[in-house]
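Take this structure, written in structure tokens, and hold onto it; I'll ask about it next.
Read from first to last, the chains carry the letters A, B, C, D and E; within each, the first residue is number 1.
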Amino acid sequence: MPLFRRAFTPQGAPPGALAPGSISAIQPQISWLSYSSTQLVEQEKVEVKDLPHRDTQSHVLWVDVQGLGNGTHAQQIGEHFQLPKMAISDVINIGQRPKVDDYDEHCFAVLRSVHLDPEGRLAWDQVSLFFAHDYLLTFWEKESTLQATIRERLRSGRKLIRESQADYLACAVLDAIVDGYFPVLEHFSDLLEELEDQVLQKADDEILRQLYLTKRDLAAFRRAVWPLREGLTHLLRDSDNRLSDASKLGIRDTLDHTMQILDVLESFRELSASLVDVHLSMIGQRTNDVMKVLTIVSTVFIPLSFLAGVYGMNFDTSMESNLPELSWRFGYVYFWGICLTLTLILVFLFRRLGWLGRK
Amino acid sequence: MPLFRRAFTPQGAPPGALAPGSISAIQPQISWLSYSSTQLVEQEKVEVKDLPHRDTQSHVLWVDVQGLGNGTHAQQIGEHFQLPKMAISDVINIGQRPKVDDYDEHCFAVLRSVHLDPEGRLAWDQVSLFFAHDYLLTFWEKESTLQATIRERLRSGRKLIRESQADYLACAVLDAIVDGYFPVLEHFSDLLEELEDQVLQKADDEILRQLYLTKRDLAAFRRAVWPLREGLTHLLRDSDNRLSDASKLGIRDTLDHTMQILDVLESFRELSASLVDVHLSMIGQRTNDVMKVLTIVSTVFIPLSFLAGVYGMNFDTSMESNLPELSWRFGYVYFWGICLTLTLILVFLFRRLGWLGRK
Amino acid sequence: MPLFRRAFTPQGAPPGALAPGSISAIQPQISWLSYSSTQLVEQEKVEVKDLPHRDTQSHVLWVDVQGLGNGTHAQQIGEHFQLPKMAISDVINIGQRPKVDDYDEHCFAVLRSVHLDPEGRLAWDQVSLFFAHDYLLTFWEKESTLQATIRERLRSGRKLIRESQADYLACAVLDAIVDGYFPVLEHFSDLLEELEDQVLQKADDEILRQLYLTKRDLAAFRRAVWPLREGLTHLLRDSDNRLSDASKLGIRDTLDHTMQILDVLESFRELSASLVDVHLSMIGQRTNDVMKVLTIVSTVFIPLSFLAGVYGMNFDTSMESNLPELSWRFGYVYFWGICLTLTLILVFLFRRLGWLGRK
Amino acid sequence: MPLFRRAFTPQGAPPGALAPGSISAIQPQISWLSYSSTQLVEQEKVEVKDLPHRDTQSHVLWVDVQGLGNGTHAQQIGEHFQLPKMAISDVINIGQRPKVDDYDEHCFAVLRSVHLDPEGRLAWDQVSLFFAHDYLLTFWEKESTLQATIRERLRSGRKLIRESQADYLACAVLDAIVDGYFPVLEHFSDLLEELEDQVLQKADDEILRQLYLTKRDLAAFRRAVWPLREGLTHLLRDSDNRLSDASKLGIRDTLDHTMQILDVLESFRELSASLVDVHLSMIGQRTNDVMKVLTIVSTVFIPLSFLAGVYGMNFDTSMESNLPELSWRFGYVYFWGICLTLTLILVFLFRRLGWLGRK
Amino acid sequence: MPLFRRAFTPQGAPPGALAPGSISAIQPQISWLSYSSTQLVEQEKVEVKDLPHRDTQSHVLWVDVQGLGNGTHAQQIGEHFQLPKMAISDVINIGQRPKVDDYDEHCFAVLRSVHLDPEGRLAWDQVSLFFAHDYLLTFWEKESTLQATIRERLRSGRKLIRESQADYLACAVLDAIVDGYFPVLEHFSDLLEELEDQVLQKADDEILRQLYLTKRDLAAFRRAVWPLREGLTHLLRDSDNRLSDASKLGIRDTLDHTMQILDVLESFRELSASLVDVHLSMIGQRTNDVMKVLTIVSTVFIPLSFLAGVYGMNFDTSMESNLPELSWRFGYVYFWGICLTLTLILVFLFRRLGWLGRK
């Protein structure tokens, strides 16, 4: 996942223009579902022109679009439901900042559905929702199995959801997306614990790389969740007239989840920063240990080598003052004696400096 | 205690669903107690079906549940007292963000009761409270001796608590849980002071590990306390009509404690970060000291060894220009003279560089 | 681009004075354009005295000035449109903090149009806008092609923009400037990803220099965008009576973009800080690796050299106790035996210390 | 001073309970003073039962308690003046978070009087104040000379203080305590400047220890002052009816001081963090310098030693191809020539690398 | 400039007391100036007793005091104009936190006039202003040329300032002081760019010292400007009735400047922190480079020296198995062959490790 993933229009383009190159390979799959407490009609793989119209009284209409294609489907649906062009351009140009906007006629929300890619890195798809009391439109950047689960709940005739209006259905989708953050959070929790173990045992470049990538993913995750908190708070505070009581409870619950996820992300971010510090300290510690070994070996053997070098000098020993030790009877024994004494003194000194306590 | 401990429902599940695997091994122990200023009835180890009903006029009813089992007891009690399903699911799915929610019919609070596990690491259990003016429900994730202490206060007939309504009792429980944070805080205070001493004396990996784990625990502690502050502040500000004056005073006191705990945690967190920095500096300092020893020894002996090597060369001394020193009368004395002079010069230089002041 | 680029007046000068040395080399090019939904008149390269007057009823007047020269043009235009002197001095003295000020008669906005200089470093030009319902003045520090694009939209007779008042036109300019931030953001995204790769593979001074300069540019970028967020928020909240609904939608959209840019910048800033940490750790790691090589080589060969030195000593071997090994039959073999044994022991030790796992 | 100093009650204890072990060795000394603009009566070393009652009309009563003993005196005084038990328990259980609480009948403030212990480390005593318009109670954890100074002002008949009500007297005490922060601040200012000098000249463990302890004290200092700011702000905003105009001016002044102290503390904290960074860099720099010396010495002498070793080899020189240099006429001169050349080349290289510029 | 520069009164002193030792060496120079749109009278070097009285109708009176002396002049002027004692004590006791206080009868502002001392370090003098609609008092800690410039504007009869009331004059002084921050900001901008260059080229202790001192100055600068922002914001929001429209515009402009200065200071502070990090990394990098040189030289020559040592051993070569190489015909050539081979292998290895790419 690139650091910055955003389809944007060229400077000076009229608002709501399509960003060049934002054409996704995935062909839109449109399906719709209409229900009241007693009835449920659904149809899959339909064309835009076959979509039913809003039936503001008796039924709730849910139109679900999976995949964005070149954006024309979304534009046609936008015209069908008389949605503002600027919002439709947010749907198509993926990489929008998550938000929950409350217009007079409808609410518009952009979220990021977060999952893990095959390499265990964070990935996200953009999900856009339009909803009023009688309809819900959902646009998914890629196919998603999420709506199938909720559709199942509708089909199975659960009372609360079947009797509520479309805002409650929208809350259910919102909540499902936010609930999808928890397994990813759990993944990062496991990852961090693993990295903790590794850093605290041995420290190498590979761990550092993973730590860094984890930090990067955590930052991306936070960026995906943080604006949601604002959006939901505003929605809860400002839209008393729009949302049903059940929906408000649901939003409140989703907001709770969002805030907990942010808390946890914040502490993960802090801990991964701590781990980098710990890693740095450990490397310093290790360098220190390596240095001690080198210093001990050098300090012991360099003087001894010098001594051996001395007794290997070729001064003319026929002169009495030159290297008299060489002709001593126990010269060699005396040499080893000095070596041993020196070594013992140094070992004693190193032990007092605490260098030999733990190598 | 894992980094992230949260039972969550699968994506798309209806709100209030039970998270898979959240079944706790501890079988719920239900007991109840009903009192007025003159009377007190209590019963232990009862079944859900035998629970008394709310008696909104004369008595305060306190139902206490220790252990969550597979969650069915909580659900049954929820139905018995007509509590919202979503709140009951918060009770069962442990790992909720602490919160104090003020519904119209009752208040709902989730807290973390914090204690130390046998290894001295932070551990917490979730405690959930429902209360209105005439009843209090408490759900403990594990057995707790806390409610026994408060029950004793009720039995001993302390006037204030016996004459007050259930909200005051709830405050007493809240306060007791928050008071339980202080001994843990004291533990971390002691631990940090100990780590301070260790870091400032010697620095090794083990201390780093402990420092890191302490930081992690402090972050978890903070996450347990921080949301409480918000919750209590809102409760105090928004629920004038619900709480009695005595309860408000109590909440205010608890809020004071919460804020002090947060202050202290914040400064602990800062200090433990400082300690990591100090640790890093100390390792650097030590590496520097080790390096100095190595450099002094090497700088003194490497040139001397070279000299000894020179006089160990086998140039043909029959030519006059080759190694004439070897045949000098006091060649050996002269050799040691050079060695001594060189050493003295280097010692003088090192002393001027301040390297010999403190080894 | 210097760290601080601001033309400021000497202390005690009257407000609205021209800062000395703020004369730009670029001669102002003045053009104007007047349109209603049905008509469009435009004229390029005009003198200040030939500028039309405001026609508050039927037409929207857009006067565009490219280049600031010595500031006299701006001052004359200010008198022509009766603008406050202090605002005109903000137009001329470049380096103002971006802002959106709402006066009674008009709005005044200062922005920074951000682009990349030939070396890929961040550069910006100041853009100032005055607008009321019937006119828009735009002052560009340097030539810009931006207004040409919008002028084209006007000429092509796009309905929304032709039927709206001047505030909508101003929004279009604002939005175009903010849209111009995205390609720069993308540039930094690419740059950071490249630096990531480089840091995570090898670490040297050049990368550090680039990282630092990137951080500096990100800080400058943030400083250019941050105040805009405040300004737009205030404009949206406080000027209900001034802005048309379409303009409000436009401002809201621009505000969304601004906030997303700030989010992304914030995370880039964090990541570049992380990269410096990673870089530091990697250098430590590398020093550690180098040290290990040195230590292994030294620890193996220094004792062996000592041994070779010992058997090179010239003790008088006619005494039996002196260097008896020299006259052993397999003395040399025995010497290599010791060498091999010592080396094997050390290799075994190093392997246990994990130093030979990855050199 | 321990990191966390707080007397707390066991979990589940009723509010206002005495914390075990909070008995201070200092026996309470109670004195009182009653004054109007014309009269002043005072009595020292009195018993609680001899205390006068509030005389809400004509006189201001000031009861001063120095030392807390086992808390019974405070409890008796609390009953005498009908103060809430919970507040009295805050008086006795030292280590409260500083606060200014505005009850209906009186104000209650807890502050920390800050001073330096004999070792120059930060120490604090808790001071508690109750005041209404006609009385002031002050409880000092230890003896304090502060009240003597204010008493002197009262005795000397200074008009403003003698004619004002008890709230003005309370402000005088508050202000005196906050004024006591300035000399401590000055102490830390001096200490930091001294540490600056030391760090910038030489860096060792002792400075690091002092820096760390200073940071710790600054954090404790901040924790003592920060909540005061909130408390005073609230008092000033919310209690219009209670405080006289003179008192409000006084509180405003004290608040100004508090905010300045916080500003200065904040910048001290930042600077001490910077100093740790500088210290770390300096150690790195020094290690680098030490390494350079070692590397220069080794790089020069190790190849020379090798050369000397070569000419000390015992190859059979009767074969012409073996060590022919040994029998050269000027072999020894040639050897020294090579040594000198090599050294000069290396010195030249080191100078180009800039290693010899500053040793 | 010391870290903390504040004259404070002893604990318990009455409010408004003079701090001991706050007597400045500079004797106060009092001058006054009275003007209306048509008239202007001025007098220099006057005594306090000769000061004119406020003439609330027709004229604006400006009394300017340069130097504070022992404070008695300020106290006498305070009595002359019936100013509160506490404010006068803020004037005399320099080192106050900058503030803008709005009293009923007048506004009182304390600012810091910032300049550079001869060593290029930040220095500040305290400036205090009292103003109402008809008079302005200015107290300068030291002589200042600032008021001369404004006086000149008055004398030259600039219309806006001559026709406005004293609050506009006060704004002019405020603005002049804030404008004086820009050259200092420019100085730090230049300094940081210079330090950038130095750090990015070579890193030594001197740069670190300068960086640290710059950080310290930036913190002091920020502390001088930050409170001004609050003060001006409050003044603008709360004093609608006091300030004229022209003054409000002026204050708004000054506030803009203040906020820009804070923005820039913030980014300077961040950049100087980054530079310390970069410096640390560079030192690490350099140590690494030094280590590589040492390791390469040692790794090549230590084994070779060992080999030379081996062939310098004195084993009895009359036994065939002892050092047979010594009597080989091309033994010496063979020795150099081994040396060359070993060196080539190591050079190849080092090149593969990337150590020889950049020394």
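The criterion applied here is as follows: a contact is a pair of C-beta atoms (placed from the backbone, for glycine too) under 8 Å apart; a residue touches a chain by one contact, two chains touch by 3 or more.
None of these values were measured; they are calculated from a predicted model.
Participant: Give the fewest steps needed to get from chain A to chain D, where each step moves from one chain to a chain it touches.
Facilitator: 2
Participant: Can you check whether chain D and chain E touch via the same residue numbers (shared by over half) or via different ones?
Facilitator: different
Participant: Quick one: report the Å distance separating chain A from chain B, using the average Cα coordinate of each chain.
Facilitator: Measuring from centre to centre gives 24 Å for this pair.
Participant: Measuring centre to centre with CA averages, how many angstrom lie between chain C and chain D?
Facilitator: A distance of 39 Å separates the two centres.
Participant: Note the residues in chain E that touch 2 or more other chains, in rising order.
Facilitator: If we look for residues of chain E contacting two or more partner chains, we find 277, 280, 284, 287, 291, 294, 298, 302, 305, 309, 312-314, 323.
Participant: Can you list the ring's chains in order, from chain B toward chain D?
Facilitator: So, from chain B then chain D onward, the ring reads B, D, E, C, A.
Participant: Given the complex with chain C, which residues does chain A contribute to the contact?
Facilitator: Those in contact with chain C are residues 2-4, 6, 8-15, 84, 86, 96-97, 99, 101, 202-205, 208-209, 211-212, 215-216, 219-220, 222-223, 226-227, 273, 276-277, 279-280, 283-284, 286-287, 290-291, 293-294, 297-298, 301-302, 304-305, 308-309, 311-314, 317, 323, 325-333, 335.
Participant: Considering only the defined contacts, which chain A positions touch chain B in the complex?
Facilitator: 146, 148-150, 152-153, 158, 160-161, 172, 175-177, 179-180, 182-183, 185-186, 188-189, 192-193, 196, 200, 249-250, 252-253, 256, 259-260, 263-264, 267-268, 270-271, 274-275, 277-278, 280-282, 284-285, 287-288, 291-292, 294-295, 298-299, 302-303, 305-306, 309-310, 312-316, 319, 321-323, 354-355, 358
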